[in-house]
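We call the chains A, B, C and D, going by the order they appear; numbering starts again at 1 in every chain.
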Amino acid sequence: MNRLATKLGKINFNNPITVASGTFGLECANFYNINKLGAIVTKTITPEEKIGNPTPRIYETECGLLNSIGLQNPGIDEFLKYHVKEYKNFSAPLLVSFSASTIDEFAEMLIKLEKIDYIKGYEVNVSCPNVENEGLAFGIDAKIVYELTKRLSKLTEKELIIKLSPNVTDIVSIAKAAEEGGASSVALINTLLGMAIDWKTGKSMIKRGVAGYSGTAVKPVALQMVYKVYQALSIPILAMGGIQNYKDCLEFIYAGASMLSIGTAQFCDPCLPIKIINDLHNHFTQNNINISDIKGKVWGID
Amino acid sequence: MKDHIGIVVNNKKINELYNVISVQIENANLGTPGQFYELKVKYSQRMRIPISIYNITDNVVEFMVKIVGDGTKELTQLKEKDTIMALGPLGNPFTPPQADQNCLILSGGVGYAPFYYFKKHYPKANITWFHGGANRNEVFEADRIFTNDGSIGIKGFVTADLHEYLQNNKVDRILTCGPRIMMKNIANIALPFVKDIECSLEEYMACGIGVCYGCAVKVKTAKGLVYKTVCKDGAIFQGSEVIWDE
Amino acid sequence: MNRLATKLGKINFNNPITVASGTFGLECANFYNINKLGAIVTKTITPEEKIGNPTPRIYETECGLLNSIGLQNPGIDEFLKYHVKEYKNFSAPLLVSFSASTIDEFAEMLIKLEKIDYIKGYEVNVSCPNVENEGLAFGIDAKIVYELTKRLSKLTEKELIIKLSPNVTDIVSIAKAAEEGGASSVALINTLLGMAIDWKTGKSMIKRGVAGYSGTAVKPVALQMVYKVYQALSIPILAMGGIQNYKDCLEFIYAGASMLSIGTAQFCDPCLPIKIINDLHNHFTQNNINISDIKGKVWGID
Amino acid sequence: MKDHIGIVVNNKKINELYNVISVQIENANLGTPGQFYELKVKYSQRMRIPISIYNITDNVVEFMVKIVGDGTKELTQLKEKDTIMALGPLGNPFTPPQADQNCLILSGGVGYAPFYYFKKHYPKANITWFHGGANRNEVFEADRIFTNDGSIGIKGFVTADLHEYLQNNKVDRILTCGPRIMMKNIANIALPFVKDIECSLEEYMACGIGVCYGCAVKVKTAKGLVYKTVCKDGAIFQGSEVIWDE
């Protein structure tokens, strides 16, 4: 029996650990056997090439990371022509993250991606804070998320994950809209909005001013959202936000996660995803449990 | 390229600002001048700190570290036998010098570090080395020394007499590392004389291995302006391709 | 010249440092001279007594604090009868924080408070995450904030500060509603929503499950919101969220704050507000500047 | 009550789990049994850790610390001459015993700590002391010893023969400190015999001085059920007033 086995809406995974979009690349194969991951998630692809945001793009705060990459990517056509092949020979299921500015563009992208049989599912990024009028505008409006998901779900039989923004008044209503539109799972959270200023000079540490905030600091926020969404939805959750070790994973599983993405913490340790898989395996074996025994089973709440 | 467990074998204070830290790292001899490691003090919460190879002997890498903030301070507090995670060697080296080339090195402050190993690694190269710093604490052995405060060497920036020098001397390549503004000035002054200006750039880094696009630098390419990564595409860029005013 | 002098909409303060509602009490007088504070802000008062939330109410995460106090307070009548007098003999301006469930209730409270001449202003809490249907429901809806502020601003000539929730899609629209309604200043941020779970057992660390999240972790989020609100509004900002030292204060002043509240960080050091005042004084003197020289002057943004 | 700079004068390991840390604190002699300090290791990011007064001699306070997590671990790693912030003494003391009173102390695990000083402070009091712990590491000198695993003393909880004891002995007051469930059981068993049961409660704390209402405990009062604070209204509460099942 594989204690770590888990699933999202349509795919079974050998283990619940994957990597957060934008924090992983095939360069990681230099450090460990990528096939050991539960799944691979690509950096977000857009309809056209994006050169990305001006620099500085990165700043480390006391307990988190600010980033303003701006979805730098070669665009879908280049991706399909050159890059996607590089993922072909990995056995870990491939999930492609993509984003666009209109529902039509999203749909066109999905149609193109559908042609690649070794793509096993999609993480639809409606929540990137670092580009204007792309992604985020969608992620904050339940109606648009519903329309988008409805359109996309008709175009594919594969895993359709909607990745949500935490920068909203009510993430549950948006998650529900995705579920009603036919998403097979939801992913949360993308980055919070954050900022840092050099106290000596008043200079913004990030050229674009406001950036995406991730890492340890955001974990309590992410956990709260996963908990609430789990209470309200019946489709599975791919959870992320500040995960640093297997203990954090257990917190998220108790809150309701079926699967987990490691993001920022990889920058401290590129081998972290594999270490976490091992630690989880040991924990589950020692305690003679599997994921479904504890998923969503947080207690002591009044 | 691997995330090595390095063992500190020595940590020497050079002056108030600088330390040289010697770390034993598996296969470290493979590192070449211009490459760097991303260091992480074990159990420290901080992300990694990119530090150039200053010297290598028998798989012991020396790092020259200037204290500018908490992370570099932590590095200088390491003691013998402490372990430290060392991801690398990362990035591309400076192009090896050809036999007949006159190389001019222009370094500023801690930008001195990679050239020490460069010079040692290519003992037969024709190298002239100008080094500048804010004051005597920022100055190390070189052919010509500059300080902003005039406390030692020539008073002024390392570029003070560069134009004149290039008019009077044959220079085939320039190699430079230091503050961005210094390298920008060098490119402006020297490009009319020297095509080949290798600049070692700095940017905030997260992953250090080319996956996050955090350490971007804007460069001209055949396809137009693009952002390349310092950690994987660099840290060495041609002075003529960098968009200095970003 | 007093370099630290600052003002909100209607009051001048000797210095920009005050204390965040709910994190300070007159017990602090055991540690320092309270009159050295720029102002005093009380714990939030409600129309009726509140006994507060079940325990555990407090949990410290890696870099922040979760709290679920539930606005425990004696209610306004008891407050006016017994407690407010204790503040009478302090020279630092007194700002009373209050909250309620309906606009009428808010208005009735204000009318009662107006009778006390040594109350110099109000922090209207429309943003407490730890009580149901109280405060927060207001803070997330721009229209209600506008109606509430309009009503209250007609009832007082004193400083009227609206304290905003960060748990919203667009804090600027809500801040604007407060400005249009006649607020003389805005305060931000109240706590984010957060959660923590015992990874060993799955037990929620806080009895109510979801709690308010404050401290170091939230500083980048707060800074970003202060920056955006400063860009959009012309009334002054009382800023807070994770301030630990004078450097953090400078970041917030560069982002646009006129005044600053110290909250969670006092739990590490009860004397912190006074230390920060001294450090700010030294910094301003050494650099020969005052607050208006740097307020809102963040730069390097593209 | 002040935020004192304490100086560690000794830090003694008693066993795998326990240390006794001696800290020199200004005016510490004013502290009374049942009061506590909020300790903070300087430069640690953590909030404060409430620790009871275990003993006081010449303004040196001894703290008995059980390692349960990162914060208590940090405390046990303090070295002689280290400084530590010590906010206190906080909370209310146990009521002083009267000459003719028979006091029964019931402590569990680290709940032992406050009574050591209580006994020392009131040398003439009539005190009987039962102490229980999980195993031999959790057990210290007392009149009767219990361990859950039977590794030393009587096998069982500290309450094992309490009912019987109260039937056969005149007890005027009970003083107790330990896990909540232990104190709850004591209240249930003992209230029919003894009205005056002083329980020293624990709750997560933030401010430690009564301003944040974080450390709440639900109690019956004339006004109905209210939350009082452990740090300011407590830590001592009457067993009869506490709502144990919250």
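Quick notes
Throughout what follows, a residue touches a chain if its C-beta (ideal position, glycine included) is under 8 Å from a C-beta of that chain, and two chains touch if they have at least 3 such contacts.
Quick caveat, the model's predicted, so the values are computed rather than measured.
The fewest steps needed to get from subunit B to subunit C, moving only between touching chains, is 2.
Chains touching both subunit A and subunit B: none. Separating the centre of subunit B from that of subunit D, both taken as means of CA atoms, is a distance of 58 Å. Put simply, the C-alpha centre of subunit C and that of subunit D have 35 angstrom between them. With centres set at the average Cα position, the gap from subunit A to subunit D is 47 Å.
Averaged C-alpha coordinates give centres for subunit A and subunit C that are 34 Å from one another.
Counting partner chains per residue, subunit D has no residue touching two or more of them.
Each of residues 54, 63, 216 in subunit C touches at least two other chains. In terms of inter-chain touching, the protein chains here are arranged end to end in an open line.
This structure has the following touching chain pairs: A-B, A-C, C-D.
Residue ranges on subunit C touching subunit A, taken from their complex, read 54, 61-64, 66, 140, 167-169, 192-197, 199-200, 202-204, 207-210, 213, 216-221, 223-225, 227-228, 247-248, 250-251, 254-255, 294, 297-302. Every residue of subunit C that touches subunit D in the complex is listed here, in rising order: 22-25, 27-28, 30-31, 43, 51-52, 54-60, 63, 65, 67, 69, 72, 216, 264, 266-271. Put simply, subunit D touches subunit C in their complex at residues 1-3, 40, 45-48, 85, 87, 203-218, 225-227, 232, 246.
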